[in-house]
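Step one of this worksheet: look at the structure below.
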Amino acid sequence: MGKLTISLSPHVHSGDSVQNNMLNVIIALVPAALFSLYAFGVGAAVVMLTSVAACVFFEWAITRFILKAEPTVCDLSAALTGLLLGFNLPSNLPIWIIIIGALVAIGIGKMTFGGLGCNIFNPALVGRVFLLISFPVQMTTWPEAGQLGAYTDATTGATPLSVMTTAIKSGDASVLSQLPSSMDMLLGTYSQGGAGCLGEISALALLIGFAWMLFKKTITWHIPVSIIGTVLVFAGLLHVANPVYADPFQVLFSGGLMLGAIFMATDYVSSPMNSKGQVIYGVAIGFLTVVIRNFGAYPEGMSFAILIMNAFTPLINNYCKPKRFGEVVKK
Amino acid sequence: MKTFRIGGVHPEENKLSADQPIKVAALPEVAVFPLGQHIGAPAKAVVAKGDKVKVGTMIAEAGGFVSAGIYSSVSGTVQKIDTVIDASGYRKPAIYIKVEGDEWEETIDRSEDLVKTADRPDLTPELIVEKIKNAGLVGMGGACFPVHVKLCPPPGAKAECVIINAVECEPYLTADHRLMLEKADQVLVGVDLIMKAVKVNKGYIGIEENKPDAIKLMTEKAQAYPNIEIVPLKTKYPQGGEKQLIDAVIRRQVPAPPAIPISVGAVVQNVGTAYAVYEAVMKNKPLFERIVTVTGKSLAQPSNFLARMGTPMSQLIEACGGLPSDTGKVIGGGPMMGKALMNIEVPICKGSSGVLIMNDKEAKRGKASNCIRCAKCVSACPMGLEPFLLATVSAKANWEKAEAEDITSCIECGSCQFTCPSHRPLLDNIRIGKQTVMGIIRARNTK
Amino acid sequence: MNVILIAVIVLGAIGLLASLVLFFASKKFAVHEDPRIGQVSEVLPQANCGGCGFPGCSGFAAACVKAADGGSLEGKLCPVGGQPVMEKVAAILGLEAAAAEPKVAVVRCNGSCQNRPRIVEYDGAISCRVANATGAGETACQFGCLGCGDCVGACKFDAIHMNPETGLPEVDEEKCTACGACSKACPRNIIEIRPKGRVVKGSARRVWVDCVNKDKGPVAMKACNVSCIGCGKCVKVCKFEAITLENNLAYIDPEKCKACGQCVNACNVRHAIHATWEVPVPKPKTEDAPAAAPAAPKAEAAVEAPKPAAEETPKAEA
């Protein structure tokens, strides 16, 4: 018999691991990834593979050569960041831009803060926003869905978001008739105007992923539901007040809103730690997104809204405490 | 189905010995009785080397009000008063008794006849408490708080009901389960006695739904006691925590310390304690034996024993087929709150509810990595605390922040560490923080 | 022109008003602080280590000024700055500095990996405080060093380090300021702050019992090769009554100890007394020789044992 081990209780563990959680999120992204392949073909495959490979490589290289620490690529967080970054890019983006995005996401967004768990901002969004500001033209010309064989040579088209912005700027509500129906946007079956980033095409595929993560208890419902609820209410009020603002369901299913609400805002590291804080965070993201989309310079506001609220997360954590046992009022 | 309202986890149950009837364990050759087996002042030895004792003879008296006497579980000669390594891993004073025969004190009623409360009209609440005190009874759930102290509510507090903890939420352990199946009548009389002692006429017995046979049997037997209600509870850890059980059964939450269960009118006792109360009051039998589950996946025959106090755990393990060669850890108690033992010669004490054997693989913790701030510990915490934060501030010795974040409310159930995907030693650090902060608070109050 | 003039006048008036308010406020709410506190603070090291027993350097400065008003700086010592700083402080306050002995932290455990067999394995947070709560530690000694390095983390001066071979902390005498942070961090109270001792041939001579085990002899002996078993030989041999025996453990009072080294030679079986210099072994008389021989096998294992061990070992083999 070997030596006995002594340690404090508990002596058993749920068997959960970081890798397991990351894997569940990646599995939840599979329906959306398949749909993007169906919509964008080769371009989608190239963008996703480059992004994932580059993120994993940079994480490995930085831990190995700069931090001289044990490589952490096995926890799959870099792969997940890569996949999410890819989902936020147009399918005709040149490879070298994707690699720069991955370097910024992992190098600046994550490793400078000390690696997984220490970053303030969502790394994939840091990468995406960096690219959006540095390469505005490439990042805002999206190919039309359905060109399966094309990559950088694909024909580009208008996205639902740009149609909405045009309507607001011109003050002409009839422009909105160019938008696909909200049902088409949910399913991703566009007959016209179906352009956008990889992960934004089918809201339904994203919702399937949400259901999976809820089922596996990877995330709780608080953040996505509060974001979606706020967007519906706020965009609905605007639509009622002035019809140049689009129908709330069209707002909800367009652009990166669903992707952001379900996968980006719920990033463990940069979101608040308890349900009360998560609801506040979600409501604020929903509100900011609609404000930026309708009154700001950019047609898309999700990334900015999430990054802004990431900065407020420590503050929310500090002031929002879970309900302590014993505080419950006697019933 | 009822359960507590905040947090909780559901570890694999692994009740391997649930259908093993209670076996009487053999007498040890030498029985060892540590003097500090309970919360409060250690007992003081009243025997000396060479004294002859019988089964049930008092060998150490209570060292204060919050303390309990210790009674010999064997007959024989006091060999020495020395030290022994107990479950805490430290050497503590203990009495060694060499076993000779099995001669019981004449006052103990050894018959199997059931004595009901109605048969003994002479029992006043004061007499019951006195008898409990004189039997050295402590809570049998593991915390070992002297029973008579709990049955004397502090001035101003009034008990409204008695709640019996029969949930046995720790994985692996089956001692309480077997006790209910085999001694249901005695347990109910014991509950009745506790209710009488604290002068209430409502009693609840909370049982988790993973013991349907016990729920069925107890419900049938409780027909005769209109004041006792059997409450089936949803299986969830840590339902056996006093505060969680009160919340689950009567929907009241005990406020943060210094409030205690009696503040919301509840007196909580373990089902094993109820049985011991029956024996102490009706049979004059002091607390010197208890039911111990000896279990583990690698063990040849997981079993439940009725073991005398002072029996070395190694003897019980031997009776289950011996210690497997791949043993990596031996735990006194359950896997969630038990103590890992330094060696297997540790004697069975009043609070030893089980002995759990783990193999090398199960024994090792996973490698800790960075906190990914997933907040699973926050959702698992049954006290509504933020374990990740408490562990960090404790590790950084920021005691003021720890106190402000209510570290003293922690019940050390281990749900946070159990659920942590990064395998962080959360509870290790929180425990130290809690101890230190409690010390600071005590020092401040005595100033 | 007019606009500029108006702006100048308005701003000037506001400024004047504000300065008046500030002036009266500073008079009204002035807090008198002894200017000497500031002066004393300036000469202190500003490490804010708390080693002096006061909350930070400014707290210590205030305490010094208060003590100086009482006429003496006795008992006040900045362990970091030591005597030179205290002399400066005394000069500012117009007093003689109280002579204070330089001190150093000593680790009173020699239970290295060879001396103290590991009987169980510890698995938990790397913290002595946690290990201490888990049980006696990896060895059978429930008083000795746990080896997780809480003292190393507590040191602000990089003066204490774990030796990976022995698994014990070692104090760097040059860097140690005797602030006592390591001593407070140790859950087992193994580290003691002791006077550096008298300097002979360029090195300070001090002697201490290198063990804190209070168990009875047989238990202590089984747990560790170099534990103090409370035999009392050292007590008998000490001419200055500096050694006391309590709870099976000897303790050398640094105030009375003259660092003669007699006790080191007396403890030639367990080698539990540590000296910072090589204590010469007295020429063994003929009748002593057989008594020393049985001690030798144990001495083999003693790593830090002073010279005698090394000399006796070959004798036993011969």
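Odds and ends about this structure:
Chains here go by letter, A, B and C, matching the order in which they are written, and residues are numbered from 1 within each.
Keep this in mind: a residue touches a chain if its C-beta (ideal position, glycine included) is under 8 Å from a C-beta of that chain, and two chains touch if they have at least 3 such contacts.
Computed from a predicted structure; not experimentally measured.
In this structure, the chain pairs A-C and A-B differ in their number of contacting C-beta pairs, and the larger number is found at A-B. For subunit B, the chain with the farthest CA centroid is A.
The mean-CA centres of subunit B and subunit C are about 42 angstrom from one another, to the nearest whole unit. With centres taken as mean Cα positions, subunit C sits 55 Å from subunit A. As a whole-number value, the distance joining the C-alpha centres of subunit A and subunit B reads 49 Å.
The multi-chain contact residues of subunit B, meaning those touching 2 or more other chains, are 89, 339-340, 342-343, 363-365, 425, 428, 431. In subunit A, the residues that touch at least two other chains are 4-8. Residue positions of subunit C touching 2 or more other chains, listed in rising order: 119-120, 123-124, 130, 133-135. Against subunit A, in their complex, subunit B makes its touches with residues 5-6, 9, 11-12, 89, 171, 243, 247, 251-256, 259, 323, 325-331, 333, 335-343, 356, 358, 360, 362-366, 369-376, 378-379, 381-386, 388-389, 405-406, 409, 412, 414-415, 417-423, 425, 427-428, 431.
The touching residues of subunit C, counted against subunit A in their complex, run 118-124, 130, 133-135.
Against subunit B, the residues of subunit A that register as touching in their complex are 1-2, 4-14, 16-18, 20-21, 72, 75, 77, 114-118, 220, 268-275, 321-328, 330-331. Listed in rising order, the residues of subunit A touching subunit C in the complex are 3-8. Contacts from subunit B toward subunit C in the complex involve residues 83, 85, 88-91, 339-340, 342-343, 363-365, 395, 425, 428-429, 431-432, 435.
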